[in-house]
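Next come two complexes, and both contain chain A; in the first it sits with chain B, in the second with chain C.
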Partner chain A sequence: MEFNAILETAENTAKIILSGELKASTAPTFKTEVEKAAATNPQRLVLVMKDLSYMASAGLRVLIFAKQKMGANVDIYIIAPQEMVMDTIKKTGFHHSVKIMDEYDNDKVEA
Partner chain B sequence: MESIIVSGNLESLDVISDYVTTAAEKANLDSKKTYKLRLAVDEIATNIVIHGYQEAEIKGEILCKAEFSDTSLKIHLEDSGMQYDATQKEQPDDLYKPLEERNIGGLGIYLAINGVDKYIYERHGNSNLNIFIVNR
Partner chain C sequence: MFIERIDIHPTHTRDKFKLRCGKPFPFGATLIPGGVNFSIFSRHATSCTLVLFDKNSPEPMAEILFPKEFRIGNVYCMVVFGLDYENIEYGHRMDGPNNFKQGHWFDNSKILLDPYAKIISGRDIWGVQPDWDNIYQYRGKIAFEDFDWEDDCHLDIPSEDLIIYEMHVRSFTKHPSSNVKHPGTFAAIREKIPYLKELGINAVELMPIFEFDEFENSRLNPQTGEMLLNYWGYSTVGFFAPKAGYAATGKLGMQADELKSLVKALHQNGIEVILDVVFNHTAEGNEQGNYISFRGIDNQTYYMLTPEGYYYNFSGCGNTLNCNNPIVRGMVLDCLRYWVSEYHIDGFRFDLASILGRDPWGKPLINPPLLETLAFDPILAKCKLIAEAWDAGGLYQVGSFPDYGRWAEWNGKYRDSIRNFIKGDGNINDMALRLQGSPDLYAETCRTPSASINFITAHDGFTLADLVSYNHKHNEANGENNNDGENSNDSWNCGVEGWTENQSINDLRQRQIRNALAILMISQGIPMLLMGDEIGRSKQGNNNTYCHDNELNWLDWTLLEKNVDLFKFVKNCIAFRKSHPILRQSHFLNQDNSGSTHPDITWHGTKAWNPDFSDHNRTTAFMLCGRQIGRNKKKDDYIYVAMNMHWEAHNFEIPKLHKSIQWHIFANTGVKSPEDSWEPGNEPLLDNQQEVLVGSRSVIILVGK
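Now for the complex of A and B:
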């Protein structure tokens, strides 16, 4: 499945909708969108992973890059990761540093 | 299953992944074992392309072969790039740390070695041989 990373920005929030396979050949596309997101100085980065079927370490490295680029105060939300993507997130301890949710509701997060 | 030989570049990684997934189906591995095996082979193949060939400015190929037994599926990856023994790399010791304090390397090898039942590296002359074994 073709990889896609679609960036949507609203006040304080940058959302990237990921689909397909995130791996060495597609991670640069994701990184480019993270850089564009960082340029808007968001308070939070929301990554929608519902349709992301595969994630290799190249994707994890972009998450580290995102946190280091945006700063520790910017919260990263991972929304609806598939079972095996979640397995990788847990195995590598990333679940301690990001917020994982089934769905993202900006109003509830703001509240 | 007949082996395949692909060029040592990033575009070849999908061909290797397809080969591994087909082998896993033939071995009747479940979807979780298949995903982890594909991930393990993909991580090491990515290292071969980036570190073994591209960064070392070496051109070469990767041979991929599946072997089936009653108890296991064995995937061989063979290349002629820079010597690279993943078993000698230290496992990341910062998995508990927040992302902003993490080192960016080492995660791929960690996922590869921990994603299969056995991982073996051998050096034969100018070739690297990586073997991934998954119990059926």
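Now for the complex of A and C:
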């Protein structure tokens, strides 16, 4: 499946909707969107992974890049990761650095 | 004005690859803007070829000869641009002389692993039978090295405060009873951190985690048909790469991230990480062994060779790494610096470390350059350096290992003395020295008690439960006719060899286990606990389980429920040690640091102030005076320890203290749980302040406060 990363920004939130396979050849696309998102100075970065079927080491690295690029004050939300992706995030310990949710509700988060 | 570097552009083209001369340092494969810098040493090679594979591909996708202008001194270095570095594997071919007597083994038909490879594929999933027809078994991969450590740093726990837990990564959680998501992995250890924390240890010592091949010398047990493996991993394939098969993410090539995540989590919980490292030999074996790396890159440099060209075998494993050759020395130093800086490792235990002090011809050096270099290295400056101070070539250096004020030693004499004492055969004079951190071994050369890593059991030899259950080793399952493993174990089965239903024998064994653990935790020096001894782990009398990927090695977590009383006892003993700085002195006793004229240690017998150091005596007692704590540590209580290894009970007269101080009982191994030990701070007052009855083969610990 072709990889896609679509950035949506609204108020304090940057949302990137990911689909397909996140690997070395597609990671730069994701990285570019993270950089664009960071430029909007959001308070939250929401990564929707419902349709992301695979994440390789390069993908994990972009997540780490995102965290560093955004800074400690920006919360990163990972939404609805598939089992393989979730497993990779957990085994490598990255789940301690982000918030993982089944769905994202801006109002609830802000509350 | 921004000026772009010009050295990021190719100067050469070979087939589809754009190249330029690389940087000789660092060795290995390093990501640089737009490409990968490959650098490898060989003094005697006449040419070198970089071999590139698509991931998992049986045949190379490219071979690029290093142009002669890319050789700087004895280093071949080249940048290859535009590589899909996440999906390639690499190796080298070396051409050069092939002359056995001269020590040259060059063979350009072999594809060789980079000694500095940071990730190695080929054994990605533990226990999956390798394809032996694969022309390149262990494949170098490129590491990213950009882990997000956040604010993690080395814990720098003072050596005297360490309580080490020696463990095997796979064995710790592989047993089905561990109830973890990914048994046998780094990730699984992370799930078990609460257990380690509850136990109270503050350092784990991981048996080898550098990439090794569990299938090296694998064979079927002729009696059972079971596959026997190189399970423990004391045979390194790559010194810079973590064992992929220990990572749940090994098949994804993310073993480095998983291990780093474990180290970070352990640090967050106040636990240091010490690695058991094996620099004495490599997995290439003897003259019949395979080409993996060093043999084909520069055999004469990397190995100790006889004048006839054979391998010296001071390791007992077929070859001996030539550690005091300057090139090899540099590699060892690079390796340790890498693990400290990139993985935040806190210390190293060096397997058969005496080999590291031999010259290229095997002669022990008075001032070994490698040991000195490691001791004074600025990057290793805070990390713990621990020597297994002997080797298989007969060198035994416990107490005399060249230490440069930095090295500690696995104290084999401590192990032997305590084992003999608790079975009633010990020498009281010897015992007294071991309890004080072995000043006979370390004081004269101005070392401290922290030079002594005190242990009674370790991965080599019996577990503690087996030490009190077997007189002899039972290694039949190893398929070597019970000829392997140590014959001298200083063990005692308490009356019956192995498992028994005899209650009095089982009670005695429980006492003996507690005696050993109590003594370990009240000894000056650094205590090391073997994984599972805190819950009565047995290996069925096998004292050399190096080859078993089964329940002989796997920690059975149901023991925690079965032996919860023992676990509580060990937990209390560890907490007691942590509560009392007088047990963790950074200097040898028999001093008056506070100027109070109160001696810091006094010796006693069944009569107070009357120690009996005669041969064959099986009772002794000592008292530590907490007023003697100096050097920024607060004052402590008095501690009195009475040890009776006689088969009869004895009354011990207790030293009288100032009337404001009363004796409380912390531990009595002669009574059953829950009164065998108390939580520090909650010790009950001793009814009789004049004397205490110490049961047969028992230890009593009192605290005066």
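Keep this in mind: the second predicted complex is superposed on the first by the 111 of 111 C-alpha atoms of A that agree within 3 Å, B and C clash if a C-alpha of one lies under 4 Å from a C-alpha of the other, contacts with A are read in each partner's own complex, and residues count from 1 in each chain.
Just so we're on the same page, a residue touches a chain if its C-beta (ideal position, glycine included) is under 8 Å from a C-beta of that chain, and two chains touch if they have at least 3 such contacts.
Not measured: the values here are computed from a predicted model.
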Assess the superposed three-chain arrangement around chain A: do chain B and chain C clash, or do they fit? clash
Have a look at where A:Asn41 lands relative to chain B and chain C in the superposition and call it first, second, both or neither. neither
For A:Thr32, using the defined touch cut-off, is the partner it touches chain B, chain C, both, or neither? Pick first, second, both or neither. neither
Considering only the touch criterion stated at the top, classify A:Ser97 as touching first (chain B), second (chain C), both, or neither. both
In the superposed arrangement, does chain B or chain C reach more residues of chain A? B
Could you tell me if A:Lys23 is touching chain B, chain C, both of them or neither one (first, second, both, neither)? both
Flag for me the stretch of chain C that overlaps chain B after superposition; candidates: 7-15, 97-105, 169-177 or 241-249. 241-249
Kindly list the residues of chain A that each of chain B and chain C touches, one partner per complex. 23-25, 56-58, 60-61, 64-65, 67-68, 87-88, 91-94, 96-97
Within the complex, chain B is touched by chain A residues 23-25, 54, 56-58, 60-61, 63-65, 67-68, 71-72, 76, 83-84, 87-88, 91-94, 96-98
Interface residues, chain A side, partner chain C - complex: 23-25, 56-58, 60-61, 64-65, 67-68, 87-88, 90-94, 96-97
Mind pulling up the chain B residues that touch chain A in the complex? 10-11, 13-14, 31-32, 35-36, 38-39, 42-43, 46, 49-50, 95-100, 102, 104, 107-108, 110-111, 114
Footprint of chain A on chain C - complex, ascending: 84-87, 144, 146-148, 150, 182, 185, 187, 190, 247-249, 252-254, 257-258, 260-262, 264-265
